[in-house]
Amino acid sequence: MSPFKALTWLVSPLALLALWAAVADAALFPANLLVPPLEVWRSFADLLATGELQEHLAGSLSRLSLGFAAGALAGLAFGTAMALSDTVEAYCAPLFHTLRQIPSIALIPMLVLLLGIDETFKVVIVAKTAFFPVALATVEGIRAIPRSHFEVAAVYRLRWPTLVARIALPAAVPAIVTGVRVALTRAWVVLVACELLAADSGLGQMIEMGRQMLRIDVVMVGVAITGVIGFALDFSLRRVERRLSGWQVAGR
Amino acid sequence: MNAIAPSFPAHVQTGALSIRNLSKTYPLKGRPVPVLQGIDLDIRPGEFVSILGASGCGKSTLLRLIVGLDPDYQGQILLDGQPLNGPGLERGIVFQDHRLFPWMTLQQNIALALKNHDLGTAQKQRLVDEHIALVGLRGYEQAYPHQLSGGMAQRGAIARALVNKPKVLLLDEPFGALDALTRVRLQQELQRIWVQERCTVIMVTHDIEEALYLGDRVIVMEANPGRIGEQVQLELAHPRQRDTALLFQHKQRLLAQLVGH
Amino acid sequence: MKLRNLRGLLLPLLLIGAWELASRQDAAGAYAFVPLATIGDALVELLGNGELLVNLLASLARTSAGLALGIVGGVALGALMALSPLANRLVAPLFHALRQVPMLGWIPLIALWLGNGEASKLLIVSLAALYPMVLNTFEGLRQVDVRHREVGQVLALGRWQQLRLVLLPAALPSIATGVLQALAFAWVTAVGSELFLASGAGLGNLMMNAEAGARMEIIVICVLCIGLCGYLMTWLSTLLARRLLRWRPTR
């Protein structure tokens, strides 16, 4: 790509920034509704210097990892069991597919009533959000494994644990990673939503406080950081995905 | 330009194709590699020319240049004395794969070729019906391509190419993807249709028998870079019989020349 | 054989039984896990006074309006980005940057700018529907088989005809996938935005009011209603998509 073409990628973000600065500068809107970009940057630096931002970020990310680890591992185990055992499927599939229809966001009021607005509530809802996509991807990933793989296992009389660890999971890994990626981005969205509605710490709470105090600069910093984190999570798992699918093609 | 003559005169006068010193290169790792070199060819109106060659000799590239899908070449291609400029409805093409649009019925696929003609709806409908009948697909008007067999879909593609009454019909290994029996049947069909329509035809193929059976002239193309080799003139009236001694002799000779040393 | 098919009902029944049992333990249990009878009564009440229907219809109307805007805008933007390299280079960076922010994360900002009313909610729902539409339209148009494009050229179709008769139909499966995703996002986001922006009617508003009044039975009914409606809408759209895409070979 020529340097000129590479530069065109920057045109629209820079244009937006310039427009924003110009409109803020012209004072077309009240200053508390449209803060100039420089001031947002200064708030960001302030929040960073006082350590406030790091604190909120740490709060959000620790909730995310705890809830996500629990939900994803449970989803992996449950999905594997359901894909490999007809009995488990017969008993669990209808309930699983019914509950899967209920969006996590809609569960927020119910869980707040049941669990209060403490840590438990947020971890539980993140775990719930992570569980379903991972379980579903695991079921479908394992189901998509060619029969011949299992026939090889039967010929060599592999035991159950070996079958799972050596054949079912490795062959289904690319599909599962995709499920994990979807689950992680959704869990992040839902966590931020929960923190917006009910929390005493976390990025969402920082944004909500900013809104209540009409500090639009803090809100914008929060929204931008939320986007960056979401992007980073998605991007890193996409790289894992690509590497894995590359391995799969090469292995064929 | 786009008007369709209601019926062809018994003696065809348009559809003369002249190719003058045609060359084409592809860039490969930054270096130009010649695919076609110094092609000179004159095709009479209403002539059926078979271009015979091994895969990779550039014969399909030649058709793509004539139909106007690739404007990047040196030399001249003239249709009735006029230089070509992009694709046009006076040239029709049938590819090896039928390329019917899967989201349209057979009838819609064929009617699509008439999209830019100044004809009334009824007239277009009549032309589509005629051509469906011509290729023997009556009763399948409303079928989607995936509901047709390979041979039937290829008949549909031929009908689509012919419905414009093109001056020049280009066939790019039209039966190459079909099973042997269907191929023989469609070769006979094509001969019958061509005798009826008498447009200029250029058919690219690697099937010696097919080239000889259908062509007024068979041009052997040599590879690396693609250029014109031997030309065989077949003074034999259409419709032909497959087992004619003349065709058999030519076949043995071309086979020996192309395959054996 | 018949009995074996009923195995799937065992767990749901156990779950409901456990819920009922928990509600009968003590006052706290009855507060958190309301008895089934109470839920039934609340359902009758909500249906009787029309509250459920009014709020459901409000949410559905919001979803459909946002979905319609998102589909139209998304197909247009996706097509523009797929067909014009220049437009793609200009728009894509901004689009992909903005799309990283979780949908509901925009709510505080939009609420500050546009207020708590219908405009904010509609904007959020439309944006939620827009993203998948742009992505899927773009991918669908980019992946149109070059062999089909060539037929469009050979038949001397104009640019507009090629778009309408070749490119868009070829991208239709991908666009249909986009609509299914957009529908799910729009529905969730509609209910979500109602939770945050507490004005006007909607299932989310009904739930928030119920939360404030600790009416668990109403929340349960709303959750079931949201799940059921989401399922029904997806099912209907799948049927519609299958009808539209009936030209595709079925395997």
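Per-chain numbering from 1; labels A, B and C assigned in written order.
Operating definition for what follows: a contact is a pair of C-beta atoms (placed from the backbone, for glycine too) under 8 Å apart; a residue touches a chain by one contact, two chains touch by 3 or more.
What you see is a predicted model; the values in this text were computed from it and never measured.
Chain centres computed from CA atoms place B at the largest separation from chain A.
Here the chain at the heart of the structure, going by C-alpha means, is C.
Averaging Cα coordinates per chain places chain A and chain C 18 Å apart. Separating the CA-averaged centres of chain B and chain C is a span of 50 Å. Taking the mean of the C-alpha atoms as each chain's centre, chain A and chain B sit 55 Å apart. Taken in their complex, chain B has these residues touching chain C: 67-69, 86-89, 91-93, 95, 97, 99, 101-104, 112-113, 115-116, 144-146. By the touch criterion stated above, chain A contacts chain C in their complex at residues 5, 8-13, 16, 33, 90-95, 98, 101-103, 105-110, 112-114, 188-189, 192-193, 196-197, 204, 207-208, 210-211, 214, 216, 219-220, 222-224, 226-228, 230-231, 234.
If you check the complex, the residues on chain C that touch chain A are 4, 7-12, 15, 32, 86, 89-94, 97-98, 100-109, 111-113, 187-188, 191-192, 195-196, 203-204, 207-208, 210-211, 214, 216, 219-220, 222-223, 226-228, 230-231. Chain C meets chain B in the complex at residues 147-148, 150-151, 153-158, 161, 165-166, 169-170, 172, 246-249.
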